[in-house]
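Two complexes follow with subunit A in common, the first pairing it with subunit B and the second with subunit C.
Let's look at the complex of A and B:
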């Protein structure tokens, strides 16, 4: 048990160091000299040489990366190429926080819809309701956000006038409702499917039959024996499913005018502000790695079989 | 292993065994089962329809995809322009048809190289050889999997694309090949590279698991003990038994990569104009802002809905098909 957890704990930093190397080298494949980019169009060679020297661009690649990684650990991800003299993290920080909030609310919506629906569908296996609900949710899941976002704005903000059209004022305001549903409801399909499969597994177990056999009420069996055990395997996919959220939230941020990382990231692509992109990707990878680590450890605490296998 | 040899007489002669065509019965079984599932059958028909349209885009299209008609912009559907015209008077039907082709080319390239080729080769190698091959592929995969998909697409579009473009110009200048950059080949390579990491690892892990499960099966042991070489064992004995889960993952993957292409092109970092793409069309009419998107949805819904319905159908049908294939091919997974 302790061996398993400590092995995972030791592996994660190594994983991140190598992933960082991969991301950093992608960032340095780019054409153009960072010093020239930073100095601007009409800089004299001396100024460029000064910047080169300050950034240590003439050092070997691995030396540059090690320095970058060491600085990153201290929260220093370098300077933006475009916004002179501003640290990348200072640019990204506030926007990242907004994106994070948006993703958290959406995730809550996903779980609150997906898990009960999966359970509901599994309990109705064999009737028409189960496949009908699954197909319906798949239809919703396949619906591109390019449609759902403007459609929801049109209906709820313009026609019904219930909710503000766009903007952002924190995850607990009415501004968050439409974006959260736009991202969260399609994602619910994935959890519904997992929950359904896992509930069906539990339904076949003998302890469920025993519980029914000794005369326990249906509600009690559902809650205590079925739902609780069916939720266990879901823990493992909680981490992984975070990875998929980001792609959808970038589009939604643009359409709803949410001041998240989306616009900054796109600008960075077109203006060749590579430090912004590498930092964003590195932070994303770190979050994902930590989420996976937590999921692994939680699961090993819950299910002893995982521990034994390791 | 059973070494008594008492049951040997019950087995048919080797020559008879060879006559059984396993692939035929496998395909037939899948088809019979598939026909029982109405929704999956409809999905197959829709996909066949869309893919035929896309492949024969030059024949199906009624106009030139970049031909503008400024006398007739933002027009609704009529006999000449079946789905109306866009802001520049280009025929929407034509652009959707060519957009489907773009998506098909990209999904097929990516899935073939990533899932089918890399996934199979590396998965079987890792699962069968184990040891160092297994460790290297699995660890590499873990590193790549921890990088969020879409951010990887962004970074590759920003940094690797200009390099590939330079290479394209170099090829045009120094060889007889021309039009490398205008054909959109660069976009396919860039997007393919960007989607590669997120497609190969899943397929590889799947194949590796299957290979691990059967590498010590009696019939593989028997083949080994008869002195059959490793390549033959992998191709004749392992491959046919690990391929079914791959079919399912390919079906899901097609929908995922198609969506990835549309999203990347929507942001302007995927397929570049003038080459039409469903994502570019959506990006054009929405201008990537909510107000423009809502305005389009109100005044010219066909401009937004035409590409979106196609994307929707593609993703939905590939998923339905993947589900059905999963039920049919991996009965235990249900």
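Let's look at the complex of A and C:
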């Protein structure tokens, strides 16, 4: 397995190089010129030429990318075009942190709602409650964020006046509540389904019948034998979700005025801020690679039947 | 510099955010902060600032502000004008370096942090007054300006401001490594500055330091509008030590001469301005101005007391205007800004190379109808280029107003009379999201119905638009232009003179050029205005544009306890006069 892991790790830089190349190449094919945007609408061609020259935009594309990649290896991801003189990393750091916090807290909401609900529904299989809850959660899942977010704002911030509408001051502040629920609750549907399926699987096992037959209390059987075993496969799914933790939740960040990475990414697109875009892509690709690896490893740890072979 | 673009920022919102003008279309939409960077919007001023006195008081009572306070916004000594914090949405400014400002978002902040020899007042009878200069005289047939600086001027760090600081600031603005995109336009008239821009010199003979308090500036020709251009940030004074020691990000700890200083700036999150205790004039009442940069749901934030001002979205307009609603007391009418929105015709592209065809398009549009039906009369149909209230506005100019018969006659005269060979028209507008501008659709429809032309509307995002505009690839485009300084030059000359860098229609008429050349150096102000108006008339007759609207009136919501907020038609420092009631 160690060989497997190291081989995967060795492949990662190649993957990143290609992903970076792809996004970087957009710069040479997409319309719009960063230098023109920097200089503004009235700039004379000389001013634009000066900026292009400073940014090295007139070099052939591959030269530009090689230069970028070489610097990136040294940990220097360049300067933002939009925010003159700002290191991309310095710019992205605080935003990534905010998005990470937002995603973690949303994820916690997802799990805290999804897992118990899934278990609850599975235990009521065959009654009207199971399909009713599943349908309800499916409905919530299907609601678009640009409907739910303003609705939550209206109810909890404006009518009830409990929590602020916008801003961010950490995952443990009241600012986190609305966005966390906006993202977290719909996501709970997916985990509810997983948990329900997994619980039903366990319910049919003989050891459950044995436990009941031994005269164990319902609560004890539920907790010790059913829930615990049902959770095992779920853990592997968690690995996959890691990758998403650094990503932004565009609409939610925009609606709640959260200074996360999405806004910056969106702005980078419109401003042709290629250093920022490329770096974000590389980060995303890295996270995905790691998350996949973690998920694979977890699988093999939990289920000894799966062997990772190099 | 003010091209407006449509980016979800609607007129009403844009008006609210006065500096950010821009948009092609006055459709009230979400009231967001001014759009980032791309908005190459300019700004500038005049006419009486509407103040709280104009707040409608629908339900009862007196205006909250005593009128005398309004008339002397800088009046002092009133202990009841407490400080506090003023909060609003804004966007990350593309730059805080005065030499690089070309957009409204940056402009609105930079004028609070820096200042120059002269400033705009927002008053129409005296649009420009001395600021850091105490007075100035013009001699040598209008070519030499002598500025006397105020005594004891200080930068916000306490160091003195002298005439040599101005010389340094301007020469630095002109230096190629500063990369100012507009220095040519604003300071290029000064003798010797062009050589610096070209990299052939480092100092300009035209900027002379007579002594610590006296600066003498010599320009290449007697251009009466020169002084107006000095109100633009590029002519503001910066601190040499601050700029040279701070490197590329010197504005992180900037030292200025404006009523506020930059206390804190987290990109994409928040900018905090605080009172400059070394300001030469009356200190601001406010302790701090918080500019929230992360966006959000403006209306909800306003109602939840998280911001003190917001534009009004179309969806909320009816509710907040209802006098039985408490919030209706917060509604303030914002007077139009000095801007003109238009559809520009690229004269190098068929079918716009034919004057009769362009005239036909002008005659075919019933702007009055659109103003009433679509915009509830919030916009005023434009008959020319210079907006009402602005220096040089010609109220007698009738323009090519709606006349279907004339439209058809002109079409018949044009070489595109035959519908089979007539090229189709594509109107391009900048913007993202949503549906394209309603105005443009209505205009296109009027063209189709009256002239049976084939029209397509195309919306592209700003980066692409800008590139196509610069490359002269657009056939017709929808934009708005806002005045940079209170002189007709900012409209008529920069937009229509042959060879001007922002003459995007490629309009070229030797008669107009001759008139402009004469007007630009005419010493008699009355004659000068006449010359500009004559040029404007020819431009309108030549139908270089389809002028659409002049600055749009808008409505914004301002919290009742905020007093002294002004909405001048051009950007001037405003937070200085704001105070919190109670």
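Heads up, the rule we're going with is that the second predicted complex is superposed on the first by the 224 of 310 C-alpha atoms of A that agree within 3 Å, B and C clash if a C-alpha of one lies under 4 Å from a C-alpha of the other, contacts with A are read in each partner's own complex, and residues count from 1 in each chain.
We take it that contacts are C-beta pairs under 8 Å (C-beta built on N, C-alpha and C of every residue); 3 or more make two chains touch, one makes a residue touch a chain.
For clarity, every value in this text was computed on a predicted model and none was experimentally measured.
Engineer: Where does A:107 make contact in the superposed view: on subunit B (first), on subunit C (second), on both, or on neither?
Structural biologist: A:107 contacts neither subunit B nor subunit C.
Engineer: For A:181, decide between first (touching subunit B), second (touching subunit C), both and neither.
Structural biologist: neither
Engineer: Kindly classify A:119 by the partners it touches after superposition: subunit B alone (first), subunit C alone (second), both, or neither?
Structural biologist: Neither partner.
Engineer: Per the contact definition in the header, classify A:164: touching subunit B only (first), subunit C only (second), both, or neither.
Structural biologist: second
Engineer: Touch check for A:91: first (subunit B), second (subunit C), both, or neither?
Structural biologist: In the superposed model, A:91 contacts subunit C only, not subunit B.
Engineer: Applying the document's definition of touch, where does A:68 land relative to subunit B and subunit C: first, second, both, or neither?
Structural biologist: The answer is neither, since A:68 touches no partner chain.
Engineer: Is A:264 contacted by the first partner subunit B, the second partner subunit C, both or neither?
Structural biologist: second
Engineer: Just to be sure I read the superposition right, which of the two partners does A:150 touch: subunit B = first, subunit C = second, or both, or neither?
Structural biologist: Touch partners of A:150: subunit B and subunit C.
Engineer: In the overlay, answer first, second, both or neither for which of subunit B and subunit C A:299 touches.
Structural biologist: neither
Engineer: Can you list the residues of subunit A that meet both subunit B and subunit C?
Structural biologist: On subunit A, the overlap between the subunit B and subunit C contacts is residues 31, 149-150, 153-154, 158, 165-166, 254-257, 270, 272.
Engineer: Given the complex with subunit C, which residues does subunit A contribute to the contact?
Structural biologist: 31-33, 36-45, 47-48, 50-51, 54, 82-86, 91, 94-95, 149-150, 153-154, 157-158, 161, 164-168, 253-259, 263-264, 267, 270-272
Engineer: In the complex of these two chains, what residues of subunit A are touching subunit B?
Structural biologist: Against subunit B, the touching part of subunit A is residues 15-16, 18-19, 22-23, 26-31, 135, 138-139, 141-144, 146-147, 149-151, 153-154, 158, 165-166, 243-244, 246-247, 250-251, 254-257, 265-266, 268-270, 272, 274, 277-278, 280-281, 284-285, 288-289, 292.
Engineer: Spell out the residues on subunit B that touch subunit A in their complex, using ranges where they run on.
Structural biologist: Going through subunit B, the ones touching subunit A are 39, 142-152, 154-160, 162-163, 166, 255, 259-260, 262-263, 266-269, 282, 286, 288-291, 293-294, 296-298, 304-305, 308, 311-312, 315-316, 319-320, 323.
Engineer: Which residues of subunit C touch subunit A in their complex?
Structural biologist: Touch residues, subunit C against subunit A: 1, 3, 36-38, 40, 92, 94-95, 102-103, 176, 179-182, 184-185, 247-249, 266-270, 292-297, 300-301, 303-304, 306, 432, 460-464, 466-470, 501-502.
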